[in-house]
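Next come two complexes built around subunit A: one with subunit B, the other with subunit C.
Entry: the complex of A and B
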């Protein structure tokens, strides 16, 4: 770095003054202060660019437009409008034939909408229904029109939140309040439109083809027949329903059962099916526990299970086979082999 | 090479929409139009589409990695209406000549129908980057815990993220349905809050306080900064000591409230009240100094002090002119969360202060109570704290709201900064769950690009 002249914030200007004898006799004497002198003698001039005599870069047209936008119409996006969304689609209008919905965060993509999220009140309500009232998941899901998996997730995270509250761990309350103010929210109150579809079934790729199946005119060709036509192992939608008890309830109502009684039956059936599921899980875990022998040491817990060394498949390379096998390379030592875990228990 | 690419990350000349909340990015997003492709060959069209879409979706991921992730079979789902399922077995769709009975012209009834789906084609082509949304870093960005996907990636690498309660340091971890990920709260607050920019704001507020306080807002700011200098409180309540600390902060705040009232209402207050208030302020100061020195002040005594001050405050009876701006502010901030107010108070104070304020608040009028409650709650939840790496009191960063949305495949609890990856993103009739800023036409071209190699 070349030596610097201390003492002023705008040296090139002063340097120029020094080199070209200025009309006023005062300026040169002030310019170059000796190095040891303190810098107090010369007052700083309003110039921020030391040692550069090149002109400042011109603001490009694009940058100027950006600056105009930030100070002009972009100003409205700076702050959230608490209680409603603030997406740019509000201001975009391509044409009268292509309307842009205000809940579209991306004006070019009409297929993606910012959908409602559960409000704090709604989450608390779901937690109450499950943990305090002890309602079955399926019943809560059907009552509030919230997906079963979401209900489970809400309860799971609410439990952690309550635990933190008990432990006096700080929560991100200002953040939560701000984010909830920016998002469209659902309170799950009466009369609100359903939160999300709860009876989703996955579209199997086998069923995405077009088939021509000749049948007799008199035959009742049902959903089950259609599934069979697509493939031997394709399940009909009735078997894929997440809450089949709901269909049963509708059948009961169609058969003339009073709605109140049908709902009660539905809740009972849902509780039974959930209990059966829990029992199955429990017995499976118990069976695994009985199979394994746990040996606790200082550092590790060894879990020993019996295996069959013959169980290696027809080629001897089955993935479940245990131990080193002749002719099967250890791929995990190969360069670039991905070792990211695939699941976390 | 990477450095050079990053130089124009948010360039205006060759704009690329990125996964960030940057204001330049917002400007580029606003200008984003489907490019004119008629004059280009099919290869060029696909190339343009691919490069634009990849600039947004996981631009920090290498192309060969993405090519391995790409799936040519996007997932989709259909809602099956239980009422329809109960009434019909599907044979009515094959009735008549094989494609259902024709509806008579002009009749309102259009035959049995599966309700709950939009009447639009399923946008499969908008689902190309669905496998990318499974990545942990991108899911963190989608849950609004980081201001960009790259920042989310850094959080993971630096060990601030847990998956199912265990630390996960691989940003490329593919979430499984049901996985819960959690990000360190402080990191989230720093990422989504306003940055600290010198002490410009503080200076402005202190000058505001020195001059005659004209607006309530300014006074509020000034008192916040002053409070920071006077009290060393605002720590997490972990034990009784911390609870006392919180008490001190509350007392401090009440004191400031009283002072503010005195300043504003100077001319209208009767001398007697003023005198009482001044005396009380002095007493309060003494109490606080003593407790700060001794550190063995009883909680009950502090409660007493608070109660007394609130009683005096209620006697002063704010005029309607003064109430108006405060009431408005409170309406804005408080909106509909009055239910969780108490929970928040309890969370912040550990129960003790909330109980005392609740009893003492009984002395005030409704508006005063609401204002005081709001002020105290805000102060407890969102205190001024110079030790934080972000501007305090915490506020969301600028230009955040246009990017704030949470896709349906995530369920987020913002209070603990945790989210559950419920399922893989799916396309439904008329809707796709992958947040992509590009038009269906462009996405389709990009899909075709990857089909060639996929």
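Entry: the complex of A and C
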């Protein structure tokens, strides 16, 4: 760090004096003397700039134009328009053939769109449906056309919010209001267009190739067979679907079941599948608990889980083996591995 | 050569993580051991939805193999001894200080 001058920091001449080479040891008396030269020590120089001798920049043409814009057509961007977006694209019009959408924040980038977010009312509605009415996640997702993961996230966040309200913790409501006022929102009301696709399936890269599989004409070649053809472990689309019960509902309706009854069946099936999922999780947790011995000490509880060390396999490198692995690179040095957390505990 | 049961430090700076290993005494700490019989995470953790703030430490251990290695004369280090004594494989090496009143009847304690 360069030497610092106490007091005023805006005197370049003072700094120059300070940085002059130290006097030699033959003249020790000089070192005791003040460092300021007599000429400059008479009065501090009046100066308005720090360390700079270049003249202040004049108002450039660009800056002048910017100021004109801010006072003219840029005036409307000072405050958000609550209820609609206020992006700069609203004032831009390249041509009649190339309109700029109001949800496009950057006029030159038509691929960047600001997507709608769930409004406060919509999120409260989702929370009510799950936590008060006790509807299954899949049914709520299908009803509001919101992805299941988003439904789960909304409920989680709402729970935290309500907990904070119970604890009288301050919420950043003005901030939330300001952000929500600037973004396009979805109320999930009747007649609104669907919020997002809910039953998309992940396309495995193995299934992106063109494949010629000889098969006999008499054979029934299903989607499951097609998946097998792409790879041993590739799942058919029906198994990859998030809400397969929706497909069953449509099948029921096509088979002549009244829609009301088909919906009731869908909700029942969704609840059953979620119960089965919860049971699986519960039994897994129970099995772990049975393997675990808890030892209480003064400071900590030690949880000792029984494992099988033979899981390392013949090479000693099996993936499910316990412990840090020998002879393989660190996880953070390996390529193509997702290192950000992908799930919420 | 002496076979030891000891910890091998892995993990990162300020984030230790140990393999509980069985290895020859004169081999390097992190060299490939005879066998990895468990892990020890010394960083105390909270349960995600637990409000009480209690801390726990996670240990994984193959008790069968640990018993086997003790049976054939492997020598645990003090730390591994402590872990094994928690499971009940070995008697605790360092007992908690006994109050003075109880020390008068050592014969009764032994029995």
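Definition applied: the second predicted complex is superposed on the first by the 231 of 345 C-alpha atoms of A that agree within 3 Å, B and C clash if a C-alpha of one lies under 4 Å from a C-alpha of the other, contacts with A are read in each partner's own complex, and residues count from 1 in each chain.
As a convention for this text, a residue touches a chain if its C-beta (ideal position, glycine included) is under 8 Å from a C-beta of that chain, and two chains touch if they have at least 3 such contacts.
Please read all numbers here as calculations on a predicted model, not as lab measurements.
Student: Does subunit B (first) or subunit C (second) touch A:345, or do both, or does neither?
Tutor: Both: A:345 reaches subunit B and subunit C.
Student: Touch check for A:271: first (subunit B), second (subunit C), both, or neither?
Tutor: neither
Student: Does subunit B (first) or subunit C (second) touch A:161, or do both, or does neither?
Tutor: Only subunit B is touched by A:161; subunit C is not.
Student: Is A:229 touching anything from subunit B or subunit C once the two structures are fitted on A? First, second, both or neither.
Tutor: In the superposition, A:229 contacts neither subunit B nor subunit C.
Student: After the superposition on A, what does A:257 contact: first (subunit B), second (subunit C), both or neither?
Tutor: In the superposition, A:257 touches no partner, neither subunit B nor subunit C.
Student: For A:307, decide between first (touching subunit B), second (touching subunit C), both and neither.
Tutor: A:307 contacts subunit C only, not subunit B.
Student: Report the partner of subunit A that touches more of its residues: subunit B or subunit C.
Tutor: When the residues of subunit A touched by each partner are counted, B comes out ahead.
Student: Applying the touch criterion given at the start, work out whether A:295 contacts subunit B, subunit C, both or neither, answering first, second, both or neither.
Tutor: second
Student: Could you say whether A:323 touches subunit B, subunit C, both of them, or neither, answering first, second, both or neither?
Tutor: A:323: touches subunit C, not subunit B.
Student: Do any residues of subunit A touch both subunit B and subunit C, and if so, which are they?
Tutor: After superposing on chain A, subunit A residues 345 contact both subunit B and subunit C.
Student: In their shared complex, at which residues does subunit A touch subunit B?
Tutor: Touch list, subunit A to subunit B: 60, 62-63, 66, 69-70, 74, 77-83, 85-88, 91-92, 105-115, 117-121, 123-124, 147, 149-150, 153-154, 156-158, 160-161, 164-165, 168-183, 194, 196-197, 199-203, 205, 215, 220-224, 226, 237-238, 241, 243, 246-251, 253-254, 340-345.
Student: Name, in rising order, each residue of subunit B that touches subunit A in their complex.
Tutor: 12-13, 23-24, 26-27, 29-30, 32-34, 73, 75-83, 85-87, 89-91, 94, 116-117, 123, 126, 144, 163-164, 166, 168, 170, 172-174, 176-180, 185, 188-189, 192-193, 236-238, 332-333, 335-337, 339-340, 343-344, 346-348, 350, 381-382, 393-396, 398-408, 411-418, 420, 422-423, 426-428, 430-440, 442
Student: Which positions of subunit A touch subunit C when the two form their complex?
Tutor: Touch list, subunit A to subunit C: 293, 295, 299-309, 312, 316, 321-324, 326-327, 345.
Student: Enumerate the contact residues on subunit C facing subunit A in the complex.
Tutor: Per the stated touch rule, the residues are 8, 10-11, 17, 19-20, 32, 35-39, 44, 48, 54-63, 65, 83, 86-87.
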